[in-house]
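Think of it as A, B, C and D in the order they're written, each chain with its own count starting at 1.
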Amino acid sequence: MTDRLPTNWTSRDDAMVESAIRRGATRHDLLRMLMASGVTLAAGGTLLGSATRAVAATPVSGGSLRAAGWSSSTADTLDPAKGSNTTDYVRACSFYNRLTFLDETGLPQMELAEAVETTDAKTWQIKLKSGVAFHSGKTLDADDVVWSLKRHLDPATGSKVNAIAAQMAEIEAVDPLTVKIVLAEPNADLPTILALHHFMILAAGTTDFTAANGTGAFTCEVFEPGVRSVGAKNPNYFKPEGPYLDSIEFIAISDNNARMNALLSGDIGLAAKMNPRSMRMLDGKPGIANYVTTAGNYTNLNIRLDLEPGAKAGFAEGMKHLINREMIQKSVLRGYADIGNDQPVPTNNRYFNTELEAPAFDPERAKHAFEKAGLLGTEIPMVASDAAASSVDMATIVQQAGAEIGMKLTVDRVPNDGYWSNYWLKAPVHFGHINPRPTPDILFSLLYASDAPWNESQYKSEKFDAMLKEARGLTDEAKRKEIYWDLQAMVSNGAGTIIPAYMGNIDSFTDKLMGMKDNPLGGLMGCAFAEYVWLAA
Amino acid sequence: MISVLRTSPRPGGTGPSWRFNWVGRIGLAMILFWAVVAIFAPMIAPYPIGEIADWDYFGPMSGQFWLGSDYLGRDVLSRILVGSRYTVGISLAAVFAACAGGVILGMVAAVMGGLFDTLLSRLLDAFNGIPSLLFGLVVVAAVGSSIPVLVLTLAAIYLPGAYRFARALSVNVNAMDFVTVARARGERTPYLIFREIFPNILGPVLADLGVRFVFIVLLLSGLSFLGLGVQPPNADWGALVRENIEGLSLGAPAVIFPCIAIATLTISVNMFIDNLPKKIRDRSE
Amino acid sequence: MTQQPLVSVRGLRIGAVTDAGRKVEIIKGLDFDIHPGEIVALIGESGSGKTTTALSLMGHCRPGCAITGGSIRVGRHDVATMSESARAHLRGTEVSYVPQSAAAAFNPSKRIMEQVIEITDIHGLMPQAEAEKKAVGLFRALALPDPETIGTRYPHQVSGGQLQRLAAAMALIGDPELVIFDEPTTALDVTTQIEVLRAFKSVMAAGRIAGVYVSHDLAVVAQVADRIIVLKGGEIQEEGGTDDILHRPAHPYTKALLAAFEPVPHVPAARGKAPDEAPILQVEHLFAGYGAVRKGEPDVKILKDVTFRIERGKNLGVIGESGSGKSTLARAVAGILPAYRGAMKFDGAELRPDLQSRSKDQLRRCQMVFQLADTALNPAQSIEAILSRPLAFYHGLSGRAKAARVAELLDMVHLPAAMRHRLPGELSGGQKQRINLARALAAEPELILCDEITSALDTVVAAAILDLLKELQTELGLSYMFISHDLSTVEAICDEVLVMLKGEVVEQLPAARMAADAQHPYSRLLISSVPQLDTGWLAGLDRTG
Amino acid sequence: MLRSLTFYILIAQRLGIAAVTLVIVSFAVFFATELLPGDVAQVLLGQAATDEAVAGLRQAMGLDQPAIWRFLGWMGGLATGDFGMSYVSNMPVAELIADRLANSLRLAAVTTAISVPLALALGIGAAMWQGSLFDRIVSILTISVISVPEFMVATLAVLVFAVWLGWLPALSYGAETGSIGAMLKAYAMPVITLGFVVSAQMIRMTRAAVIETINTPYVEMALLKGASRRRMVLGHALPNALGPIANAVALSLSYLVGGVIIVETIFNYPGVAKLMVDAVSTRDLPLIQSCAMIFCVSYLLLITIADLTAILSNPRLRR
């Protein structure tokens, strides 16, 4: 069976794999890049299908676009600190700006900042662009930046990046256009961190989030939580080149099929995150273009090493060999994914360890490991939920493989609702889903350090912690990469997190839509597409 | 015989007769067919239910996969056959639980009357006002999902309806003289409800049970949406439709056949009930 | 009557399909004629096919029935072979119908006038204003009160007797040649029946309209019919002029019908009474009613200050019209409807008003038998189960002893022992009433409260039940409290009679001398209203009566 | 028209019962929500919910007060017409609901306007020609519609009318609704789907109710007056079947407010059902309560209207 190619395996899958390798192989000196901010690097992303034409075409202004994401609710917010899904991020990117943003290769570029400078990676000077105005007409100054960053430290804000912001020990305005940030520990990744969607810059003292007062490319015309938001072109935008669209309307259609049908019937111009299975309908459809990227998010199977059965030596090893990665990649994700090697840095990240092999699918070896652990034949539930994308299907595949070697793994599907607070991180064997993060440091600190808030498998290693801290402060890129490669290997071998695949992202849109590019923060150009795309006449 | 119709509320008829017309027989035959399938499903299913037997998804009908393959490349025929166990079994259990609870409470309320009746009726009415979706969510969150929980949840959702129906019927029977005779004899409530009232509302209750069965089959598929469903890789028919719904645009048999299975079951239950011998149905008015 | 008959029926056969799918013939070849202006009575017991025959004259059969043979000529039409739409043209204009229960036959959601003149609208006979004028005229002719305005009311706003006359107006509005009266007075009280009969008779005579009068009551038929056809089992038993049938019956069945009318004088049980023996039932100042109870009194008060006693071995009759509270009295005594004031003593011991506080033995000793055997027997239980329950409940019998007692009880009410396997639905009305009685006997009671137990039965069957009651009394030394609206029944079985009006006892007198001794005007009215087997009775009644 | 006292008492009784039911439901919903694991602070923070972050947010939102006090506070506010503030979006609940409710009601109104007359006509027709070919076809169609899952009907409708034929928009909300024609077009798809779902039950119940009244003596009487089948059914049976029909219609329509979640999802229509689901998953108590109240009120309102229809159509009760 394995020698048979899936019928929907198209040439684009090979292209995707290639591109991932290319990106992984790209080497850059982070600090040098920082100093030379504003220098445009050659695009490393791969543009596929009809979207390729976008590269050559010259942008034209005008037109309005209605785009649809997949999740939206009354929790929708214009407060960037609270943003939790694509819809929030798309809105934030349209109405606000960050100090920095990430380009298609994952390098930080300057947005509201003129320059971000440091010598020791601990004390940072941020120079702001002058003459940037909020929609209200107020001019951006350092106080706005200080206020915008400091609010993440206040629990009452409910910020999603409270933990990341905590390292900013000192934030102060030096002069109206300069902000000084002192970190608790050196961290060379600060420019990348500041490119996170949550660190959008607001006018100081903003409390009303029923409308957005940002510096962004669009002004907020309509905001109905859970329904839609409409932005109109900001005539006073500080970037000379954008935006091209006259207006952008963003809605969410949670049902994949409905989203696809809305695109096919022309009710929307762009549908984000299509199910790979829909490609049979969308691929080659006249008037429709698809844009595929390796987004870097993944659904993983977590085995808590501090609880039974994960505490038994051999169980995690057995599971790593029991999970059929190829089948998950091909059957569940229909080829729109890269096979994962059980560590969180995805293939499109420049620190991806290309030499680390994914554990092979080997039921016999798994059986042996389970026997060693004394668990063969024990009934073990795997908690899965639609909240962790595709986890139920993955669990089914593991279960089936287990059944063949006499391992009674059962699928315990629980509701989406409350999954993250009730099962994730808590159940002995459960699935998780991690969204793309731009740096290995964020991923490892968040997920694998001994004190990591989301230590999914309760992996504890002092050596790991020490190496992570060392890398964080390093300004030597080669050395830093070496450490990250080692850390990836440590996690892959030692942690109980099985990462079978890095998922691809498919955005489908009318072939009139041009200018879409890759971004390490995920699909829709890391949610910032609105500012960069245009509609061909 | 005919003029008796005027004075007596119901003609007696002549003993139980189980004669159906052909529509009723077809309905019964289909129901029995699915019952047999449900019992022997694991023996006749060509593939294990969770096995991904094909790299292709939404495959067409073929010699290898009679009813095509599903979204993961699993055999649809096997999944429908095994799914019949869940759809038929759970729906039946739930409908019986709902009707048993509803009917007993309904009869007790009718016999006891007064405050008990008023309170129970109000309470169950209020329960009707709570969207079943919210109820489902609470149940899963509070006790998790398993087949018994599923059955009880479905039963709870349909209990107020069964209660209302049974109560209305029981109130009528309760007003009959033979119940008064029993009461005057000094009989207690359990005797009154089980021996005097129950046999006389059984017919319409059975008919009601059938209609509710159809709704439960459909609701079952809705609940799997909330995570309150049969655990994978097993799936009831409604869940099969839902998980393969994307195949609809491709005309995939994976979505069409589970629909046909649901339709054959529910339509045949309806045909059977609508054509029950008049003797049984007569009492339903 | 030598002219061409208005109606002539030849070889009429009507078949029916039972619930079980069996085909039966309910009318087995009838031949008869009706002449213009003549009123013919169809008489027979329930199931004799009299209503079916009458309805067939309009070409109508109830669902499940169909005309299977013969011809029915009405005027120039053969209704047996006509199309349904052609029959519709006939209905209301040439043949019209007065139903048994006008209360059920009037659409509750429409005003009376609209329904009365509907025939003129359906057939386009005359403009609405003219039709209403004509209807008012008919109301007047039928002696209805407020003829100008009664039409604006809804059916539930007028009395049963008035509705019955309104139904007649409805039938007459289209100037039919033939009117079918389907037991039009059966549901009415005797005093009302007189007025209705009188009204019918005068209108029919005035219009020279032919009529078919369906009834089971010979005395009523005697007042209105020119000719009588006696039906049984779908066949004509005897046919002849009213006088001939009443006075010179030829057929045994007709004779039995007439015999059931002969009053059988009650012979009081010859039984010595111990001087200090307590009455079996003693009721003093009893009040009872229905509805929500406020301040210890119910909303709807029915019984007011009722006092009486029944001596052991004696029978008390309770008579009165519908609404007089006689059934309520029985229910209050039985404890089904607890009295809210007053005292009762059973065999000298206090009888508490509600069931719950009576002892099982008290419950056993006083049994009640209901009017409608159909609803008094659980249709889902076999006769054996029905009779066994009191045996097990009161006497703890089981197994063979219980079975033997069931057989004995069936024998007591003259039913074959094999009947114990049947369901109530498979029994005739008379048989059901016997089972009903047997169930009461199973408790071995001392007092039986009989609530109109013969009212729903055919005359002959009712007479047999009365005989059975008497027989059982002699055998078992029972006492009966016998509730009825039918004076002759009460006369036949009771020692004393209680006359009730609006919840109160107006008079108590010995049954045997009722007609002679009654003092209260209401008692006298009641007694005089009972139809007699005499064609001249109605005409000879005192108009003011 | 002047009604007697008993009529007003009946109405007052119905309203009193409705009020009591509302209070019961409100309590039940409150306790149900409290039973749900996790609270709004945890949900808002999602994966970022560390203990300190949750505690801080709770305090900031006033969630550290005992639940019962928050509930009573909300009830108190409701008494003065204040629905409270949404925990999640920090907007007044009334404002959040207003638009959504208007959307839901608009959809419900269009569906009602089309499906009720259609269902009544089919149901009455089937009863009038009971046993005929028409009756059989209607019966089979209604059973089939009842038997097919709603999401199947909706998806199929989109596929056929929007994707393949391109006649109708796949999304109703935000589509061009300038003219009546455009509005009908925009609403066609959800209305078709909902119409299917609600009509089937109405047709069945209407048919049964009319047939039941056809078998009464007064309809037979009409037959014996020479009335046509049409007159018997429309003039005599129907007025008396209005009570049960109104009841069936009310029950079916009550589905249009709270039960349309699938249709709202597939057609991306912003109505109250979706709002409620959102509120439940974010544990936004004031919003959940308000939505539940709306469903309950609409349910009770419909049932009460049906009751009153039954009363008004019956002169015996009307007095």
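Worth pointing out:
One rule holds in what follows: a contact is a pair of C-beta atoms (placed from the backbone, for glycine too) under 8 Å apart; a residue touches a chain by one contact, two chains touch by 3 or more.
Just so we're clear, the structure is a prediction, and the values are computed from it rather than from any experiment.
Taking C-D and B-C together, the chain pair joined by more C-beta contacts is B-C. Each chain gets a centre from the mean of its Cα atoms; for chain A and chain C, those two points are 87 Å apart. Chain C and chain D, compared by their mean Cα positions, are separated by 49 Å. Chain centres here are Cα averages; for chain A and chain B they lie 46 Å apart.
Chain C has residues 101 in contact with two or more other chains. Annotation for chain A: residues 257, 261, 416-418, 422 touch two or more other chains. For chain B, the set of residues that touch two or more other chains comprises 6, 137, 141, 245, 248-249.
Contacting chain pairs (ordered by label): A-B, A-D, B-C, B-D, C-D. On the chain B side of its complex with chain C, the touching residues are 1-15, 17, 19, 176-178, 180-187, 195-196, 199-200, 202, 277-279, 282. By the touch criterion given at the top, residues 215-228, 231, 236, 239-240, 313-316 of chain D touch chain C in their complex. Residues 48, 50-52, 55-58, 71-73, 137, 140-141, 144-145, 226-229, 231-233, 245-246, 248-250 of chain B are the ones touching chain A in the complex.
Across the complex, chain D meets chain B through its residues 17, 20-22, 24-25, 28-29, 32-33, 35-37, 139, 143-144, 146-152, 155-156, 159, 163, 212, 217, 258-259, 261-262, 273, 276-277, 280-281, 288, 292, 295-296, 299-300. Note for the complex: chain D touches chain A at residues 36-38, 41-50, 52-53, 55-57, 59-60, 86, 88-91, 96, 99-100, 155, 158-159, 162-163, 166, 169-171, 173-175, 265-268, 270, 274-275, 278-282, 284, 287.
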